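Structures follow.
What follows is chain A paired twice: with chain B in the first complex and chain C in the second.
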Partner chain A sequence: MQIELNNVVKSYRTARALDDVTVDLGSGITGLLGPNGAGKTTLIRILATLMSPTKGTVRIGGFDPQDARQRLEVRRRLGYLPQELGLYPRFTVFEFVDYIAMLKELNNRRDRHQKVMNALMAVGLEDLARRKIKTLSGGMARRVGIAQALVADPDLMLFDEPTVGLDPEQRARFRELIAGLGQERQVILSTHLVEDVAAICTSVVVLWEGKVLFHGTPAALRAEAEGLVWSSPAPEKDALVSWRTESGKFRVIGAKPSHDATPVDPTVEDGYLYITSAARLKVAA
Partner chain B sequence: MIEHPRELLPLIAEGMIPDAEIRGHIEDCDTCRAALDALLPLDLGYVWTSLQAELEAPAPTFLERALGLLGVDPALARFASVTPTLRAAWILASLGVFAMAMVLTLTDKTALSPVLIVAPVVAAALVAFSYGPTVEPAYEIVAATPLSPITALLVRLTGVLAVNSVFVGVADLFSNGGQGALVWFLPMTAVSLLSAVIAVRTQPIAGAAAGIGMWCLLVVTAVTLATSPAGVLWGEASQLLYGVVTAACLAILIQWVRSGTRLSLDQVA
Partner chain C sequence: MRSLIWVEAKRAARSPLLWLGVALVTPFVWLNLNGYWPIVPRAVEHAYGGIAVLAGFATLTGAWVGLRDIRAGAESLIASTPAAQKATLVPARMLALALGAFVTGLAAFGAAIAVAKLRGALGSPSLDLILDASFFVAGAACAGFAIAYFTRSRAVCLLVGPLLAALDVIVVNRLASSYRSAMWLVPNPRTPQRFPTIGYLPDIFVRHTLYVLALTAILFGAVWLKDSIRTQAHRATAICVLLVTLGSGTALASGTWLAHQPVSYAVFGTRPDQWLPMDGRTSTYKKMGQFQRKFGVFADDGSASECASEGSFEVCVFPEFGERFARDMADVMTILEPFADFPDFPHKLRMVPEISFADCVGVGGLTSGDSEYLLSSQNVTDVREEWEFTPEGVFRCSLYGRRMLSTPAKDAVNAWYGSTFGAYPSMRGGYYTKNRLQRRTTNLMLALEPDEVITRLRPIWADLQKGNFYLPGLERVMSR
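After this line comes the complex of A and B, so read on.
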């Protein structure tokens, strides 16, 4: 399902959340990376047809979400997990996913129940189908959210900060689940956790203050910091970024530090930190 | 403990869904499961998932069943049944208000009927908090489904107004002997739709406050300045005005929702 955004601007009263975003997203798993306030949620909401851009055009699988009929076609192909996951606390797990399945036009009762159970099995909640949502932990509730996004077998899945609230084991499971889903459909996930993107995404879009700073593969993002990452015995005040690691040494991104530093292979996180720090420096200058 | 439902197993293998007791038995009984496995060697996973799904599926609520009998689509019936202001707390609060209004009406028959005065007030509050990004727990998820936002809004408004109409009708019948004779319907609808318009545009609390405030202003003005307050509030000329307000508010709501510029998430971003 091809997604095209051309010169998309989204303005609120006092701020510009997206600033002339032009990007084409193809198949596979795309990660939207960026700090808080970068415009990730706004972009996801526009793709989820919940918001309209102030300017620019959006095409999702060839459909124009601005047109009511075409917007309906997009919604028929969409699974969406919002960042602020609201559920009905008195519903059971099964009841909630079944409710969303009904709204997604799964009208045959038996088929719908089968799909609900399949979605719950996919997220490992089949044994908790009768549990009231109000009794679930944050991680379990998140899995209910994923199940409702899956239930109608969508072509496009949008996940906004899906691993927030999940413990390390649940995050690992979630990554596996998304990796599996991404083989059969298009998945776009917004996150500020670089390790999520590095682990499962086939392409990355880095947003910063509403603009696209980078679009490419995780390997290409990693390559952005090639030759610019160092291991140093002391902090480096002139570095773009520098932080203490578990070995006690400092990881430094920028030009070669004055200390006795040795070059190290960059990670995807280094690439991300390099381009966002460089952008911040450019604005400050 | 029921006996092994051997005669039903071939039918179940062909897709029949047995009642809950038999499903429970089959799930727990190794003998029956083995017999069913033998009948269905090819797609056991599907059958067992179906059985499990039917076991887990909730029964429709009373409201859903009632709406179903009226021919309402099951998805819309489910959507109506989760209206925030049709939950027990809101219903009990509304009933409490109408009960007090009934007592006041019965106590002083010469005054303006408190039942008729509070009818638009309660409706405005119920409508303003019935649908929208800030009151619907799963609003973002629901809004991204193919359910038409116009349909969603109208289902919620209709459901809330219908419930409130029953309350007002019963309260009017028992306190005024039904003398209100539906004069309350148009002012109630006009005030509540005005609340809905403002709630959709801003926030539910602002919508409720605006609708209730305007109605209270109208009542106070009529009581203070008019020789016949009842005539001003519920007379023919006023009914015409309420009708115009109702039609205008409906047109505005439909236009906003259809254009996609309202009931979007812009207001809560």
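After this line comes the complex of A and C, so read on.
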């Protein structure tokens, strides 16, 4: 499902959440990466047809969400897990997913129930189908969120900060789940956790203050920091970014900081930090 | 959409708030039945009166359902679905809510009927009344949803149920006490008078139910309209406009009809030409003047078919009051046994729809042999505590005659009877009067044994009834 955004601007009174965003998103898992306030959620909400851009055009699978009829077509192909995980606490897991399935026009009761069970099986919740949602842990609740997004077998799945609040084990399991989903459909994942993107995404869009700083593969993002990442015994004042690592040494991004520094292979996180820090420096200058 | 309505309706019908409302209406009916001979229609009327409580809870439930997505933080998720885009979600929820509330409305009446049956009540419930009130509960739930939809405020939604219920009670009571036709325009007005053989007069319920439904349709349409405009669902917008227009037209037409209904009728028979419409602007008694000649209607059509006899007296009541009531009344009548052989003394108590404004206006005839005392089904309210009044009424009827013509001698005898046999023995000297001779005569009678007074009254009774026997004569008879 091809997604095209052309010169998209979204303004909230004086603030610009998205500033002239032009990007084409193809199949696979795309990670939207950026610090808080970068415009990730705004972009996801535009793709989820919950808001319209102030300027510019959006095409999702060839449909224009600005048009009411075409918006409906987009929604029919959409699975969405919002940042604020809104589940009805008094519903059981099955009832909730079934309820969303009804809202997604799965009208045949028998088929719908089968699809609900399939979705619950896909997220490993089939044994908890009769449990009240209010009794679930955060990780389980997230899985219910994915099940509801999955239930109508969408072409496009949007996940807004899906791993927030999960413990490391849950996050790992969750990433696996999303990676599996991305093999059959397009997934767009908004996150500020670079390791999520590095682990599962086939392409990355880095947003910073509403602008697209980077769009490419995780390998290409990593390559952005090629030759600019160092391990140094001391912190470096002039570095773009530096931080203490578990070995006690400092990881430094920027030009070679000192004689004692040794080059290291960059990671996706290094690439992300490099381009966002460089952008911050450019704005400051 | 049908599945969605069904699921939402099932959830609404399981709402603890609504069942709390039902639970509160039931004791209300139970307590109110304490003052009445238990009959099913009256229990239903009490439930109708108490339905404002359930409506308050229905409003609260509606508001809570209306805020569900906000409370759960599910607004974005729900808004991204095709159902939200087609503007079918909001009407489906409202419809389901109305359905659930309607079911609990029916349940409240079911509970009221069960309570009445437990107390041995007979009779059939009025479906008109039940439907009207249940639609009101459904409308109240929709109102709650609408308030939540438009305000999106938890505080407003928490307050709205109790406030609307309180407002409803105040407005209903104010309008009812104002005795004006506007009282029929509230969603759950005070019930009109009910006559076992005629039904409700004025019979507002079909139009009133239509009125309540029309108001609900306006609310429903307004909420749906906002939703459909927001989602640019043009077909839904057109349906909403049509719904609001139709609702407004129907509300206006039925409301106008209701506002022109009299607040009550004085009933002198079962035929419509024997019903006198009453309102707050016309003097009741002045209006009744034209009906004076029609007194004495209520020919025996056999409606009062549950009969029981005790001694010289027979009591016949409508079937819904039951044979037990007839038997109890006949038993009470035995207190009048010493008077049974008095000339023209009624031997039969027959229940009629209503005896307006005086116990004796409907007396079919006080001629010897077929004398009757007509017992108003409207006035038989508290047999348990006030049944003594019934023999007193029969006595008074026989004494004063069908026109209730009073003389000081009759008043003295009546005061003696009240003090000797009545439910509340009056002060010695009879009922308060400035007439010293009358007081003295009553005291003379009270000083005698009751049997002795009865013996002395028997020969003068016919003249006393006709008003031809005067107080000095009565004093002489009693002081012999």
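In this section, the second predicted complex is superposed on the first by the 284 of 285 C-alpha atoms of A that agree within 3 Å, B and C clash if a C-alpha of one lies under 4 Å from a C-alpha of the other, contacts with A are read in each partner's own complex, and residues count from 1 in each chain.
Please note the rule applied: a residue touches a chain if its C-beta (ideal position, glycine included) is under 8 Å from a C-beta of that chain, and two chains touch if they have at least 3 such contacts.
All of these numbers come straight from a predicted model, not from anything done at the bench.
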Could you classify chain B and chain C on chain A, in the superposed arrangement, as clash or fit?
clash
Considering only the touch criterion stated at the top, classify A:Ser52 as touching first (chain B), second (chain C), both, or neither.
first
Can A:Lys104 be said to touch chain B (first), chain C (second), both, or neither?
both
So, A:Phe214: does it touch chain B (first), chain C (second), both, or neither?
neither
Using the touch definition from the top, say if A:Phe250 reaches chain B (first), chain C (second), both or neither.
neither
So, does A:Phe159 touch the first partner chain B, the second partner chain C, both, or neither?
neither
Check the contacts made with chain A and report whether chain B or chain C touches more of its residues.
B
In the overlaid three-chain picture, which partner chain does A:Ala68 touch, first (chain B) or second (chain C), both, or neither?
both
Considering only the touch criterion stated at the top, classify A:Glu126 as touching first (chain B), second (chain C), both, or neither.
first
Pick one for A:Pro82: touches chain B only (first), chain C only (second), both, or neither.
both
Return the residues of chain A at which the contacts from chain B and from chain C coincide.
45, 48-50, 68, 71-72, 75-76, 78, 80-82, 84-89, 95, 98-100, 102-105, 107, 109, 148
Complex contact set, residues of chain B against chain A
17, 46, 49-50, 52-54, 56-58, 74-75, 78-79, 82, 136-148, 258, 260-261, 264-266, 269
The residues of chain A that touch chain B in their complex are 12, 17, 42, 45, 48-52, 66, 68, 71-72, 75-76, 78, 80-82, 84-89, 92, 94-96, 98-100, 102-105, 107, 109-110, 113-114, 116-118, 121, 126, 129-130, 145, 148
Chain C to chain A touching residues, read off their complex
2-4, 7, 68-69, 72-86, 89, 231-234
Chain A to chain C touching residues, read off their complex:
45, 48-50, 68, 71-72, 75-76, 78, 80-82, 84-89, 95, 98-100, 102-105, 107, 109, 112, 148
